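One chain, chain A, appears in both complexes that follow, with chain B as partner in the first and chain C in the second.
Moving on to the complex of A and B:
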């Protein structure tokens, strides 16, 4: 206790009364605790036969003997994509010359063709596919669109440039009519060619930012994320030009919201507890998901998630963790295995004595979403998550990360997160 | 012509047929043309008595003899904000001791108290203000909220940290009830203290990114925006920690949309034509507006805007240029004078032969917004803008920046923008 008294206190006297501040150990102790957690979890993973993601050889679809065969896509180089497209077109030319007509064989992306694989902890596509013939009234339009998209992607391969989905749509508005049509066919084309959408050089808008103990190259420029001020570095939209990741961080802190990110960036939390802080500012976008996965895979760091205590916070966690249904064919490349739910968890509301007026009543829709989530495989496989979600649905209360501000603006960075690390309180 | 034929062509043969590609001069010629434009416009401004924003002494409210007196706020240091708050509170204590009770004198931010000043080309507040007494049923709540916000801002001054509006709301949900109430009083407090909202250390979420020929410091770190890959640098939320801007750019290119920004960033357009490229990804946020203004003021560069050809594109331009009505008290600090409308302009649709199918019909709401804009002072003072907007409303057609992709993905960076610069085609 004497030791703790000597620690530098905030000028504010009321800080003494902050819940749990008094039980915080010195930073060095917390860091040692964390390091021993990391090394023990690596050992445990090795003991479990290398099945965990922390080990050097993660499981792939091919390692499993599944009853139904499944389909996954891979990151392909631009020249491979080009070759794949040319192969498809040559096949079709042969089919036409042989008198068998013109049709594409397109993998089905429907929900009925999706499968959650517990061993991989993500959704994959089963192998059903449908024929898309040109000589049919019902599919002639889609076949034409597919051909056009293939031609456009082929152009991107030749020019070695990236474009957005919106750009793609605008190259032939007359044909595509609206963007949902070109977007859907773009996903079909990814599946057909067996490559990720980012391999097609079609990128989504960038939203995410990263700050902290990370150095990486973006399009040839070396970026040091400890020297990015408070704004941080915008996460590049084209992951294929990101490389050379280096870090002395102990963990990756995945933050749902902008406001919490800014608090931590301004306080340079990553200098007190070496970490990389990343946020997609709400719904995870493809660029941020790819970037998080790349960090996790290359740096082999634990990922701790800080999200709102509501069903959507958990949903966001699930999209990072096991993918969205819409892009399940690409789940191997977009998902980050083994994300830990740090907070704000429903049980934190009482534990941290979040005042009643900072908790919000859940709406009917919230409660329904929460109950639906309880049926999801990725929740069910984690008993701790089920317990927390049950508590949320039962208490009918939710809370944002900002609710911690009721104890002072810096409670998040000065007490809540350090204590979470000290108590290794994640699920 | 012989010279032009020798220029490196795209591999794509169809590029030869791209509209206007054949009349493009070599880059060096375009750059010389642009440099002479800049120097002649500086001379013209000097000749006009230094009234233009390009000169070193921009007009301020104090320079004008307006019939009604107006109110503007200034950037204050944290310690000045602290002093201002303490002054207000001491005055109130004196008033209470003198038996005159407890009330704030709050400037009115209503539309009726706003004035467009053509000489300054922005909206300012007139000097009407209202009393907010504590001892009145109708204002007791607002007076209490005002007091609480003052106390919280005072805390920020002491701790020297930044928080978001959301954080502020969560410090006392019971009192504020919903965030619109704390947000509104926050703007009141800015006006009362006579300082900008960013001086209060309350920041908005960051959205914008910047890339190109700019070096600046963010929270003490030097950032070189030519070395930010394709992702660019996230614009810092707290402008007071941004400084030391240096640049060899010839102009600032303000882009409405993410997709166009990414095209230009990937093509490193700023290396072909030295410029700084900035976008707020849609609606301008406060951080991007402050950043753009700071660049314009410190670097004295022309600002060229690339927005969609629709009423909202022009509206976005107007928010950067002369402010939003909601924050008119802060217009001097948030607005960037003398932004040029480069494109996509309604007249470009025919000039650049944008295919019919890439033009979209305007909705009733679009047309109404367009007509409303024709009544706005900031449009009326620029005859070229009026003409373009009239053309838009008459033709009932709009187009996005991406419509240029119908000529190929790189038409924007390889033909459209260079030609605009060559022909100095902006309004």
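Moving on to the complex of A and C:
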């Protein structure tokens, strides 16, 4: 601790030109401030929880009396998945033998069948479904692919193994044509059988990485994320393998981009301010979302998000927070409630005097996306977000996290983040 | 080299044309000389193009002439190849054998000859080999005999029409004096420079020195004028060889013009044929006979473009200038030429869209130097500038399109059908619009499929009802069709389908670009928008037809596309059933009663993959039958393909018909 302070002091002298550095308190003060915030928010939450309901358990769909019924999936054991598939296949066989052809009743995942539930703060799937008959030119392809995927997953259940989406695609390239088709049907199947995608034993390739003050077991091996080198630990695609989470971190830092993640990991930001740093390198995959939720639930830490100041940054934030429309049937397991938007926020551009040349003009498409986002319920529920987004659309400027590099590569970890923490500047 | 020259002489010529009364004062160079020196701007860049331009000038003259007397045009064009010896004998030159062979450019040295012989031997060897091995020989590629410099080819171009003819005494001046006609007012015309056959005559004078021959007769005349003349380029006057009257036994009226020029049929063959074909598209009420006569009979070409309709567009009406379209020179000329006395009368009578009230208001606005009763001839150059400025800034009603004569949707459609025989065609005629004080109308047609049509987009451009063939890259039509139309959204495949895009623009002034006046620029947003919307309108019409056709095709292919997936689906189902049977046998899993029934059957081979496949196929068959039935009841009895017919007159002299016109058809009551 002592030598760290020394190092900081020496830097203080030489880096006089870094803007806002002067108003930065010593790290110990910031940490104290943060700790008091955390404890007060926990108290507040406990108080609210105690007052409002008998149990502190989070709300579920069943607790709400919604006007339209909604569809949710659950984790199923392998054998029950197998039974579900067999039931479907036997039905099909009967139908074919009776000369009626066959069809699937697939829940619709279209935007019109989605519902944002403010009480839960996530998107859920309504119960509309579409019939996919075999004997129709428009649906014959999808129906056939669905049958094939069912048979393949049945095999996985029997052999009790995991495969990746890519593996699945390569079992019948000729039929599937390209991976997006088999992937889409896979989501249909899990929705149809009423189980999560993980229960189908099909996983996506590893995408997310985690580094920092976290220790967990992966398939029985203990992993210490402070000792994973610079790149960090790849988030296991199969969440079942993960357990025994321990941490002395104060918060979880969610980073949109690989580049910013690299910077923080190399600077060992998590040692200066105890935290866990996670990124999914762009749009989050299922594994990262599951992992983030598990951390949040088990460690009960606040989650702070660092995303680009553009509509897509906010969109990524919303996927972590409220779920994606594509996977809304499983939003209960995939979403992490109460993510704070730390930065880069449109108001930061002026607040931190980010030079003009680092800001980019928004394209027509960007502005349209921004305006569309303003109509989304998950944005509307947070007045601070609406204000920020309005500012973005009005100023027609966007900036990436890297824009901060204009003050030096380490400005992000040296000044920007500490200052944000000190001022508790998040929404 | 040409740059300065053109700029300088152009100024001279425009003064000459615009201000003919001052001609003597300003005379520097005769107009004939000017065009002889700058023949490229009139389309006489090289021998090949000259042949093409000569043909088109003669054809367009012929059409104008016939239309001016409301006669359905009949045009005969003959191009006769004249070999050198024949040409020499025509001009009375005796053929001479080459004596000093090394003097000539195409002299072949000993070395070159060896090389050539060796190469020819090699080629014939390869061909023999190919022949032996049964491979098809490539077209032996007409061994290109490089035409030596100075080895010109000559052509006799004859064009005969059934038009108005020309008055006996006027013929020498009509051909032998460039820009002799004074056009007053404004009119949609075919000609680009108003040069017509005169330029061809200058070209013949330059390349062969042979005179032009004209036969002509007018409707009421009982004789035929025959005239042989050439032009004195320096003095810009006709030089008459023969000017006589002959008997007219056939009661023929019209003109026949014959000119001998240097040309190049080989390189411009396709252009000339394209021109004739496109002319037939836009002028379906005319009959064309095109002939090419060569020394070698297998090169001969005879094409007849038959008449497809007898509805002619009205003759374009001459109109007055719109105030916002005039320039200073034009104001000056109008003032010089006007018969009106006062400024008020002048404004009121020499322009469209200026009535008395507006004229008075305009004069009031011009300032204290002007008054309604002032003598128009007393206006100074300075005052003219004031008038010009006011014309530019003041607001006037748009000129009406009544003075224009578009081809008409009906004729355009027939023209396309007649020449391309497309599977589908749609046409659209826009309303008149205005660009810089000149009204214009855009008509478009889009066809899909057809005879002799290349895959992709084929563009046919017409300006004032004549085809434009050159410099298509920069043209507004080309750019619009290729870049601004989203063909996919109309279910048309831009690269696979045979698409014909026809756009005809008529105006009192076509804003041509480029020296040869061969294309309309893409920078005029009024025209670009009108072209785009016209093409889109056609596409919308086509889309519904195409969708219907796609549905019909889907009907035909439904069974096949469904059956394709049967093995995959039944295979997957059977695979699971088989696995279940295994599991059941090994007692690893217990199944419900209903499942057991199926499993039993699978293990006893009562249910096999083949049976599943068969049953599913039966179902597909049944569904297909039901849907086909439904489709048939919905769309009604399938229509027989209809043939378009055109009924010729039984009695050409009987003309008391009542025609009911619509943009796409004519209904005729024969009384």
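In this section, the second predicted complex is superposed on the first by the 356 of 427 C-alpha atoms of A that agree within 3 Å, B and C clash if a C-alpha of one lies under 4 Å from a C-alpha of the other, contacts with A are read in each partner's own complex, and residues count from 1 in each chain.
Methods note: a contact is a pair of C-beta atoms (placed from the backbone, for glycine too) under 8 Å apart; a residue touches a chain by one contact, two chains touch by 3 or more.
A quick note: this is a predicted structure, and the numbers were derived from the prediction, not measured.
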Query raised in the report: Touch check for A:99: first (chain B), second (chain C), both, or neither?
Result: second
Query - Partner chain in contact with A:147 - chain B first, chain C second, else both or neither - result: second
Report task. Once the structures are superposed on A, label A:266 by its partner contacts, choosing first (chain B), second (chain C), both or neither. Result -> first
Report task. Check the residue A:158 against both partner chains and state whether it touches chain B (first), chain C (second), both, or neither. Result -> both
Query raised in the report: chain B or chain C: which reaches more residues on chain A?
Result: B
Query raised in the report: First (chain B), second (chain C), both or neither: which does A:358 touch?
Result: first
Query raised in the report: Is A:90 touching the first partner chain B, the second partner chain C, both, or neither of them?
Result: second
**Report entry** chain B versus chain C as contact partner of A:310, first or second or both or neither
**Finding:** neither
**Report entry** First (chain B), second (chain C), both or neither touched by A:137
**Finding:** second
Report summary line: chain A residues where the chain B and chain C footprints coincide 155, 158, 172
Report task. Spell out the part of chain B that touches chain A in their complex, as residue ranges. Result -> 10-12, 155-156, 158-159, 161-164, 166-174, 203, 205-206, 209, 217-223, 226-238, 241-242, 258-259, 262-263, 266-267, 281, 355, 357-358, 400, 402-406, 408-410
**Report entry** Contact set on chain C toward chain A in their complex
**Finding:** 554, 558, 561-562, 565, 568-570, 572-573, 575-577, 579-580, 583, 589, 591, 594-595, 598, 607, 611-612, 615-616, 618-620, 622-624
Report task. Under the touch definition given earlier, write down the residues of chain A that touch chain C in their complex. Result -> 79, 82, 85-87, 89-90, 92-94, 96-97, 99-102, 134-137, 140-141, 143-144, 147-148, 150-151, 154-155, 158, 172, 175
